[in-house]
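We call the chains A, B, C and D, going by the order they appear; numbering starts again at 1 in every chain.
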Amino acid sequence: MIVVMKPGAPQQSISAVVERIEQLGLSAHLSSGEQRTIIGVVGTTPLPPTLDETLEVYEDVEQVMRVTKKYKLAGWDFHPQKTRIEVRDFEIGGEEVIVIAGPCSVESEEQTMETARAVKAAGAKILRGGAYKPRTSPYEFRGLGKKGLEILAAAREETGLAIITEVMTPSDVEQVFDYTDIFQIGARNCQNYFLLEEVGRTGKPVMLKRGMSMLIEEWLLAAEYVLAQNNPNVIFCERGIRTFENQTRNTFDIAAVPVVQRLSHLPIFVDPSHAAGKRPFVGPLALAGVAAGADGLMIEVHPNPDRALSDGQQSLTFEEFDDLMPRLAAVAQAVDRTVQTAEALAAV
Amino acid sequence: MIVVMKPGAPQQSISAVVERIEQLGLSAHLSSGEQRTIIGVVGTTPLPPTLDETLEVYEDVEQVMRVTKKYKLAGWDFHPQKTRIEVRDFEIGGEEVIVIAGPCSVESEEQTMETARAVKAAGAKILRGGAYKPRTSPYEFRGLGKKGLEILAAAREETGLAIITEVMTPSDVEQVFDYTDIFQIGARNCQNYFLLEEVGRTGKPVMLKRGMSMLIEEWLLAAEYVLAQNNPNVIFCERGIRTFENQTRNTFDIAAVPVVQRLSHLPIFVDPSHAAGKRPFVGPLALAGVAAGADGLMIEVHPNPDRALSDGQQSLTFEEFDDLMPRLAAVAQAVDRTVQTAEALAAV
Amino acid sequence: MIVVMKPGAPQQSISAVVERIEQLGLSAHLSSGEQRTIIGVVGTTPLPPTLDETLEVYEDVEQVMRVTKKYKLAGWDFHPQKTRIEVRDFEIGGEEVIVIAGPCSVESEEQTMETARAVKAAGAKILRGGAYKPRTSPYEFRGLGKKGLEILAAAREETGLAIITEVMTPSDVEQVFDYTDIFQIGARNCQNYFLLEEVGRTGKPVMLKRGMSMLIEEWLLAAEYVLAQNNPNVIFCERGIRTFENQTRNTFDIAAVPVVQRLSHLPIFVDPSHAAGKRPFVGPLALAGVAAGADGLMIEVHPNPDRALSDGQQSLTFEEFDDLMPRLAAVAQAVDRTVQTAEALAAV
Amino acid sequence: MIVVMKPGAPQQSISAVVERIEQLGLSAHLSSGEQRTIIGVVGTTPLPPTLDETLEVYEDVEQVMRVTKKYKLAGWDFHPQKTRIEVRDFEIGGEEVIVIAGPCSVESEEQTMETARAVKAAGAKILRGGAYKPRTSPYEFRGLGKKGLEILAAAREETGLAIITEVMTPSDVEQVFDYTDIFQIGARNCQNYFLLEEVGRTGKPVMLKRGMSMLIEEWLLAAEYVLAQNNPNVIFCERGIRTFENQTRNTFDIAAVPVVQRLSHLPIFVDPSHAAGKRPFVGPLALAGVAAGADGLMIEVHPNPDRALSDGQQSLTFEEFDDLMPRLAAVAQAVDRTVQTAEALAAV
């Protein structure tokens, strides 16, 4: 960390900063220029995360600049290889772009089974479906709970798809653990730290959706909560951020894909359904995600979107999904990745 | 709810919408103009919250317009009087603008006691202090936990101040309940619905801080989670929203005060400290909050902000707080409200 | 337009609204439901653009809903075919994804010529280069002016590339007209209506960059200013919007591509350079743009970005651009479009 | 400026940066720590505004930190006294909070005269009114032009009020100069640099409204364009920024008042009308602006807002304005400022 003093800062102000640094068990290295003094802060262990704020308020301090990152486990510095996460018989973070598909909510056994078969046939590797649903209003459908988890497990049993489902509160983690392959942490819970630590402790893969107004740096720090529990299996999922534009439900921050990949070794997925919020835009955003280098996609698919209990307006029909998969595969090939398609499955 | 069909929509499309409305147990009233048909949806109970999205995806539907509000308990329609909440020997939501003050975190008994005495003497009615702290990074100070709650209770015992402290997860609600007068739900937990319901069930007052990117409508719906547990004691607290501007920590949405007061009977406070993020701006924002009609203020005060374990850069010193209180009282008087000051206390 | 009155609105309030509508030469159609009256507004010509705001303030009006769009020339309703714009020997808006490349600013004849040859060889169709530069600070390089235009024209002469350059103020339009093939209107001037009308009157193609905080609807209305001058040759260019995220210079709103294509017949380009703001992210965003269906790309290329007088940090080197073009072509092919490459040029 | 090299950066990378700095006529001061080298950049004149971006792209550069500000004339460093601007018989930037009031657009002589008399009687010092109106759509009322300017001048003649009106394009500056006391630059033109320089050259006071997504730093730099023409008479006006919240037309960034006052010696006004966008919120925001320390207010007032050709929904009636002024004066007094009221006028 570097502390820049104001021009002509008196010795007394400089000493106060140095004293504080040393009280914290760190060393201060002074560099006195013609105009101003600059103090370098060095420690043998990571610097306290709020040290910059601590020093910023001192008299005659002009600016404090952090030159090391606040996160450590999520970054490349101590983990120079891209993380690959094994789930059942495949791998997340490798050459294959993994497709997660399924309904927003598990509504019934029939709806879920039917969807599982359809998305499996089209090439998806993971089935999504909410058993516990966070809803902005208390008067909306909140999911089937345990019954929903059982339906998902049955769908896995039959189709061989892995499953991912959301967990919303620490006390549900144990139950969800018994069923799911991957925990999903929703955008509204992205900074629910108790929940992050609880899923971290299970060791199972955790998908962290980005919060609506979350800085990418904060997202990496949220991952740090999971990673710090010795659970290296974190997957990011960009699902759009909140901006002034209202033609889409959220603004799909496609740049998050290369930015996260530059800052972190962890895989990053994209969710074009929640970003778009409207069916006709899901396809173009999904294709863009693959072109930008995403490690996977999460797409809402429903047997009858007009009758869906949630998110119908952004769910693809089976036909639309069938049509999209080979187009995703073509773009994947253009950027030296693969997407599994019905055709490839048939060829096996 | 009003469904506007596209110009020249065929009878078949219109019938499909009508059929769906009736399947949901609602009635459809058609109004056929020269160019287009408009369908009014009427029900005896509140309409399903996602009905607009459900109908929007039908063939030939141009737009769906909700004409009733999604929230009901928070609005004026069924509660035409402003809510007043009794806390110890005073009232929130009345003529007096209530001042909450104290450190970001409870760091020690000495720091807390000293602050409690100082803010009490200056006119504050409620002591704030975090025992459980949400932190963006897992490597930061997370609060003293139960020990912190005990310190707060001791400060109340001595000074007579009420106390408010944050609860972060449902399993802590019982413990925090034993100590606090008011539960604080932080910005990161504003849509943690299990937590909202859990504090709702206790019946104790709940202060809901606004999420960083929360629409005011979503905020009212979050309150609805608490209110629906038969707990009418909800207080809003505007603490700034996240925007592109970086001179302040957050952008203080001062208009939230009159907007919430127009939409809801519940009291609204402002937190100029988190909005400003820097000490010199706390005073002007606090004064603005009172002028705009806020029912209360929450201000961070610390005996030695430079040494604070969190938020030091936005905490006022005792002297700054002493200086601010009479200015708040003067502005309050100018808008026909009151703020208790040291002078007033002395006069008793 | 539909005006929804409040439940139980008295006849007097309804009449006031009807009277106003009729005074404006429009007709009002009443539909009285059990709870509320709805008034449909119909006119033989387009409704006044602010009619909704006009009526919203009337007593007992609950909501006003516009059911026709504010823009007409930019929309599909009266122009059911995609616009194709001829520029020299090629077409914008067709199957080919057109690549614009070149330096941010024209700095010298050598720099511009060298770049023109390099991007031409790699497959670009249009050369970009600023002769007049808008700068946030008055102390920065503001372009070579007329000399810059002459250099661009010379580069066109030699390479056969079309040229695009920014015009910043109405009085420069005539001069820039003498040199450029396409006018560029920058993000800061996107609502400079005199300038829009002035370039509109020339009949030459106009590229409208999106303003930093411009709603897509406002963008279409800005195009309307040009189109209303009988100039049908408008091209949109998404270059990122301003949000809270700071890892990129702007947030690339990739969804603008399918959204604009759904609302308008006009072509839309993307500018990944200004969106990214940093070189390593330009490639992924460019690929995403093509995958999402953009009709063209605008990419900053400089012979020596480290020495560029502006935007060096986001400009590609010749090698990076050479490397990107075949990857763009591969993605284009995957979505049934084409991009011209060096290989294709060589094959001619 | 301070350049921080990556840990272990080779000598070659360091030399490249130093060489570039020296080529630019600046000096480089190296400070080599245990882990990294830090380079201080010093010049005798202001550093090039884009120097940070120039150096950021060099090999092995980790971060570049600017320690001097980009603006100079707007800041306190070379102008340690608050700017006061004389307009007719009063002063902007002094103890009195100056109130500007009037219609959005000059619609007719009668409407303007009537308003001028009413706002004068209530205590306003300046009459506002648009003769040239920027409109999002080309199909809206765009003002009376020269006729509008004549009406404003006539109103000044009769009432003694100063006048302010918007100028939208450089070629109109001369004409508007002949009539107005203060030029208004609208939010859409805040970075129209030719216009800023043109009004700068006139020497008359210029009010700079903040752009919808303008950083405060960019605002100060826009002022710099005017100031650099030897025109010291710049007034800022905060009118709300664009965010995700839609209950108000814009988000009133009240903190801009103390932030600008800390960074600059220039006066800052607030425009609660455009921020609120709805009449009931104008009063609370105006009161908040005075409490936060604004040097003035700009408020839309119309004899018959329901019939206004623009912005009717946010214009106060005469009665509402009459009622607001003494409340503004009361708050002003509470913060040791004054606002002129009808009562004070009567007492003269």
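In this section, a contact is a pair of C-beta atoms (placed from the backbone, for glycine too) under 8 Å apart; a residue touches a chain by one contact, two chains touch by 3 or more.
Computed from a predicted structure; not experimentally measured.
Novice: Suppose chain centres are the mean of their C-alpha atoms. Which chain sits farthest from subunit C?
Specialist: Result for max centroid distance from subunit C is chain B.
Novice: Going by more than half of the contact pairs matching by residue number, which of B-C, B-D or A-D reproduces the interface of A-C?
Specialist: It is B-D that reproduces the contact pattern of A-C.
Novice: Quick check: how many Å separate the C-alpha centres of subunit A and subunit D?
Specialist: Whole-Å distance between the two chain centres: 40.
Novice: Need the CA-centroid distance for the pair subunit C / subunit D, whole Å please.
Specialist: The computed centroid separation for subunit C versus subunit D comes out at 27 Å.
Novice: Could you tell me which residues belong to subunit A and also touch two or more other chains?
Specialist: In subunit A, 213, 241-244, 246 touch at least two other chains.
Novice: Across the complex, what residues on subunit B touch subunit A?
Specialist: 20, 46, 48-50, 53-54, 56-58, 70-71, 134-141, 168-171, 188-189, 191-195, 197, 211-213, 218, 221-222, 224-225, 228, 241-242, 279, 305-306, 308-313
Novice: Enumerate the contact residues on subunit D facing subunit B in the complex.
Specialist: Residue list for subunit D touching subunit B: 213, 215-217, 241, 243-248, 251-255, 257-259, 262, 275-276, 280-281, 284-285, 287-293, 327, 330-331, 333-335.
Novice: How about subunit D: which of its residues touch subunit A in the complex?
Specialist: It comes out as residues 2, 4, 29, 31, 33-36, 38, 40, 42, 62-63, 65, 67, 242-244, 246.
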